[in-house]
Amino acid sequence: MSLIQVINPNTSQAMTETIGAAARAAASPGTDIIAVSPSQGVPSIEGHFDEAIAAIGVLEQVKRGREQGVSGHVIACFGDPGLLAARELATGPVIGIAEAAMHTATLVATRFSIVTTLPRTLIIARHLLQQYGFTHHCAALHAIDLPVLALEDGSGLAQEKVREQCLQAKLQDGSGAIVLGCGGMATLARELTQELGMPVIDGVSAAVKMVEALVALGFGTSKHGDLARPIAKPLSEAFQHLN
Amino acid sequence: MSLIQVINPNTSQAMTETIGAAARAAASPGTDIIAVSPSQGVPSIEGHFDEAIAAIGVLEQVKRGREQGVSGHVIACFGDPGLLAARELATGPVIGIAEAAMHTATLVATRFSIVTTLPRTLIIARHLLQQYGFTHHCAALHAIDLPVLALEDGSGLAQEKVREQCLQAKLQDGSGAIVLGCGGMATLARELTQELGMPVIDGVSAAVKMVEALVALGFGTSKHGDLARPIAKPLSEAFQHLN
Amino acid sequence: MSLIQVINPNTSQAMTETIGAAARAAASPGTDIIAVSPSQGVPSIEGHFDEAIAAIGVLEQVKRGREQGVSGHVIACFGDPGLLAARELATGPVIGIAEAAMHTATLVATRFSIVTTLPRTLIIARHLLQQYGFTHHCAALHAIDLPVLALEDGSGLAQEKVREQCLQAKLQDGSGAIVLGCGGMATLARELTQELGMPVIDGVSAAVKMVEALVALGFGTSKHGDLARPIAKPLSEAFQHLN
Amino acid sequence: MSLIQVINPNTSQAMTETIGAAARAAASPGTDIIAVSPSQGVPSIEGHFDEAIAAIGVLEQVKRGREQGVSGHVIACFGDPGLLAARELATGPVIGIAEAAMHTATLVATRFSIVTTLPRTLIIARHLLQQYGFTHHCAALHAIDLPVLALEDGSGLAQEKVREQCLQAKLQDGSGAIVLGCGGMATLARELTQELGMPVIDGVSAAVKMVEALVALGFGTSKHGDLARPIAKPLSEAFQHLN
Amino acid sequence: MSLIQVINPNTSQAMTETIGAAARAAASPGTDIIAVSPSQGVPSIEGHFDEAIAAIGVLEQVKRGREQGVSGHVIACFGDPGLLAARELATGPVIGIAEAAMHTATLVATRFSIVTTLPRTLIIARHLLQQYGFTHHCAALHAIDLPVLALEDGSGLAQEKVREQCLQAKLQDGSGAIVLGCGGMATLARELTQELGMPVIDGVSAAVKMVEALVALGFGTSKHGDLARPIAKPLSEAFQHLN
Amino acid sequence: MSLIQVINPNTSQAMTETIGAAARAAASPGTDIIAVSPSQGVPSIEGHFDEAIAAIGVLEQVKRGREQGVSGHVIACFGDPGLLAARELATGPVIGIAEAAMHTATLVATRFSIVTTLPRTLIIARHLLQQYGFTHHCAALHAIDLPVLALEDGSGLAQEKVREQCLQAKLQDGSGAIVLGCGGMATLARELTQELGMPVIDGVSAAVKMVEALVALGFGTSKHGDLARPIAKPLSEAFQHLN
């Protein structure tokens, strides 16, 4: 029995539920999902400042997950906030949803497009493409120009804009797959995949499968070298819960 | 119930068995493995010429697998011969073991080392690193300087040399994981992972998990764009079985 | 007296003639051209599957050419199928026409455009640009969106579309040269060069000159290192003619 | 009159003093330095986990600095923790010391070496080289293999090891400048520059000069585009001081 | 007291004055500016040929400046002609204005646009982006399609075109800063920065601040390694003044 | 009848003869070689300063060659000084010997080594590798640590050191070809090719063949775009001979 902790790095309960639902839909029979969010943080993540705060929440949850004996962790925000820090802290694997979606896209298509929320988050996606090695695999980036929480306002407007951008990407980009650039878009992937007739990839479900795969292969995060456990040192009070 | 076809691109039956065993050990309860090799080809793959021949065998088997209704395909040679051609032919996902091992390594470590067989195959690994985007994630490449089939000669010499190179890589490269650069090394990974205390990654098992993951996510190879089915055209007699 | 084997990797006789004519027009007085095509293969090459099959035909012909004592070989398909495998097999130089055209373009202009046939072949050109080091020298890629054999249907439609794309490239791309992305376009280059007033480069003639140059310099393919002759091993019946 | 806030992202008072001294020594007559450290954090920064915590302290101080009307900010830890987040929060310029030292090195030499503390921090330097565009300008990275706080233990051992590594870098790397990879090494630069007869660059003083320069040019961080102020949103209690 | 030599590499006196004015406006109280231009050269620099000639004038002036005891040198043409040669000759720092503007842009924004004069100079900017490491930091390049000296014709037309291109860059490029790609645009930067509400960067003033910073830090050009003084050798008469 | 101008960019008559001999040995029956050197310049080229001066001599000769009606030009110094400027000035093709040797090496081997003179010139080779796109094709760079003119001192010492470095490169680098990094090494290539049993490439002969090839193909330097003739403008007296 495998237990995967899916961490929504923001504090939006609605989004945690969206993400949790997508994770559960993707999980294998033998996998249980705990969808969590930080006790303290930002309600949505739309820039580097938000990410820096969210990273602390991710670490808080990774530590808690490790203590609960989870098999692995998913960081369910498209900027993968705190990914390498979380890997130091974790014993099991830690997968970010941008990472998961981008890797997956390169396995089913030669080039992919990204559809995300606000234009200001595009730079985060660009930096991740570079860090993960996929700059040349990305044909184009698109932003719907609506904030993250528009995906949870019940109006369906943001969802419709995502769909429009995906259709446009299909027509214009010459790419074979589309990566959805926000955890809040997780539940749209299956339907868009069918409508468009090409893989539209949600990182939450992709990340769940990657954690399952790594756990089955017997791999946690490497503790040899630069992802070894953080060197023990006295933290100030505000951060002692992370030690 | 999922059926994964694991294709040993060379004609060595001993290696097909090694690879099949590794694939079965990695497969989930709901997955069946068919380990196959081409009806015609080369007994081992140690260069571009061997790869070109092996690619035909891969296509022959992918076509057969597709007709058998397999869910996905693994190309179990570290050069990933015929990968993009196979993706055109396939409906389900197709994963190469170099690709699988390299992707996996970047998920558990910041940089990895490669240990392969003959020095002349290093260029193939270098080209794949570049194509997949992982040139900067690879700290060093090592060759044991023994041919592929030395892994099947029963003497254990090649296995010992692999172990030595892995130990050296651990000491010198500053990397956090090691990728085994040959399908014939598949069964060494678990033991070396334990002995070295760091992930030593076999691409066969990694690829099986990736195919399982993609199938579970509902993704085959994208048929929109440049991996669409090959354009139908009359093939000469020698290749008609591939159509 | 030098003998260059120009291999059309597809089985279209019309295209072999087009290519042979372009090669002969480019050859120096002391050079004889043998234009050949595989005994078995695909009638046109428009994807990775077609390329994998064509590579076998290329090897078959390279072996035969070597036995005939040719000085060098040209692979006359814009994807350069089987190039490195052919280099292992050959003693003399082997030049692909994409390679030849791209190298030539960088010698007469700072950046170049590519005009090719079907959009699905663009990914092959992109991968070659990366492998040869010319990604940053290519200003743009264009596809006429007609199949390769449209160049041989006698209607002149494909030729007119090539011309249109070249004119558009001249206006829009800010590049100084245009590379024609198909062996079947070989005979268009001189005329377009004159009409456009800028180098429009056909890889067939460029490759012939490169082989002549290497032969004159006394260089064959390096047999030291990873392009050494394939390691001798028993091939299955279907491939024994390649040994 | 210009006021520059130099933020030691760790909570080591000794290091704040070292850094403050280096900053003051570098400041122009018209510049005042405030050397600060976070109220809460880690005593030293030796990995991604430490950096994630330190980033919060950096943001806390940047906000405070902004309220105090400082002209600009320096992040005085070689990993530049929280740099882009701080830029969103700040009005004036924000410069990291790794960034400052690397930029400076490329202005006085064609290639540079880096000497840092623990081997596990090398990956942070590598990622910054890639993000800033200087991967090809860095000839080699060296680690003294002592923790950051060894620089403050009064024994001089760490300082001696830094000197040894610098001498070795001069002999072996073929580079024209050396970048000191830790804020705690700030006061060693002038002396080593003289002893080695080549620029040995401390990022603290370099960053102070860069902030002064940007302020004099009338540039703060661009508020057009992706470094605009963070979108206002309700933060949890633990992070409200950052808003 | 610091003396900075600002070299206009062309022989246009009007441009030397424009550049000198911008440099003086940027200089710190303790800095004196000498704005010079070569005794022999080209009236404007709009290609590689012009640059090759201008480089000699730059060296002539760098040598003279060194003899006058200047603290450092600025090469005030956006192609940074003769930069590395000048660094060999100089003892103090030498900064090109393209280099200065590009570095500065990356410190205040994640990506920048360039607005320059003639389209044919774009290739020079592209090559500098690559050499300095900033290819991925540049969002787009624009040319006003007017010659350099149009900036000195008094009509204001060129200035208006610069303004238009800057406005367009702001709307379209998704970048956070604009780099002005000609020394003759130096005096436009402050006003455009205000009008556009984003950093519009002139390399002349940026370079002056960088030289001041390097001088204050005690750094000249590294004389260890490949920027050491040119090896003494007998020059022909026409170049003896450079020795 | 084709006339190729081979320009030794330095003023050493001995080296002009060495280069001329190599060029003549490489020229086709129908090709005449004029080996020239600048009327004014440096006796050897060992850095950027020397290159800047040499570039003027190259332009002087290119202009003269154009007036003489030569078919194309070779710049016979391994730094390819003035290459793009010369291309603007020329009508026919202009090939640098570093460019020629590097391109040739990638046609006969997957990776190559470079053996050059002084360590300080390595940076020039590195920059050319980057500009031409061959950074990843170069396995290693070696310097014999003797000045250029040691190749002309008659002692044979420099030649012996070149041989030693080539042997070492063969043993250590895992490359398939060696590029000789100085025009003065031109006559060593054939013998070393035989002794080492791998291509040892002299750029002078390679460049002659490339010019012949381009001329035969009907290509001069592209005059469309950024290599168009320099814009006509009044040059100062010292440079009027270049107009």
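As written, the chain order gives the labels A, B, C, D, E and F, with residue 1 at the start of each chain.
Rule of thumb we're sticking to: a residue touches a chain if its C-beta (ideal position, glycine included) is under 8 Å from a C-beta of that chain, and two chains touch if they have at least 3 such contacts.
The chain list, named the UniProt way, goes like this: A, B, C, D, E, F = Hydantoin racemase.
These numbers were taken from a predicted model, which means no experiment stands behind them.
**Student:** Quick one: which chains contact subunit D (Hydantoin racemase) and subunit E (Hydantoin racemase) both?
**Tutor:** A, F
**Student:** What chains do subunit C (Hydantoin racemase) and subunit D (Hydantoin racemase) have as common neighbours?
**Tutor:** A, B, E, F
**Student:** Quick check: superposing subunit A (Hydantoin racemase) onto subunit D (Hydantoin racemase) on C-alpha atoms, how many degrees is the rotation, to the nearest 5?
**Tutor:** So the angle, rounded to a multiple of 5, is 180 degrees.
**Student:** With chain centres taken as the means of their Cα atoms, state the distance from subunit B (Hydantoin racemase) to subunit F (Hydantoin racemase) in Å.
**Tutor:** Taking the average C-alpha coordinate of subunit B (Hydantoin racemase) and of subunit F (Hydantoin racemase), the gap between them is 43 Å.
**Student:** Which whole number of Å gives the spacing of the CA centres of subunit A (Hydantoin racemase) and subunit F (Hydantoin racemase)?
**Tutor:** Between these chains, centre-to-centre, one finds 52 Å.
**Student:** Residue numbers in subunit F (Hydantoin racemase) touching 2 or more other chains?
**Tutor:** 84, 110-111, 119, 122-123, 130, 135-136, 174, 225-226
**Student:** Does the chain-touch network form a line, ring, star, complete graph or other?
**Tutor:** Looks like something else, not a line, ring, star or complete graph.
**Student:** Write out all the pairs of touching chains, ordered by chain label.
**Tutor:** All chain pairs meeting the touch criterion are A-B, A-C, A-D, A-E, B-C, B-D, B-F, C-E, C-F, D-E, D-F, E-F.
**Student:** Would you pull the subunit A (Hydantoin racemase) residues touching subunit C (Hydantoin racemase) in the complex into a rising list?
**Tutor:** Per the touch definition, subunit A (Hydantoin racemase) meets subunit C (Hydantoin racemase) at residues 110-111, 136, 174.
**Student:** Where on subunit E (Hydantoin racemase) does subunit D (Hydantoin racemase) make contact in their complex?
**Tutor:** 26, 28-30, 84, 93, 95, 99, 103-104, 106-111, 132-137, 170, 174-177, 190, 193, 196-199, 201, 205-206, 209-210, 212-214, 216-227
**Student:** Contact residues on subunit E (Hydantoin racemase) for subunit F (Hydantoin racemase) in the complex?
**Tutor:** 11, 38-44, 46-53, 55-56, 59, 82, 84-85, 87-89, 119-123, 127, 130-131, 147, 225-226, 228, 230-231, 233-239, 242
**Student:** Note which residues of subunit B (Hydantoin racemase) are touching subunit F (Hydantoin racemase) in the complex, please.
**Tutor:** Listed in rising order, the residues are 119, 122-123, 126, 130, 135.
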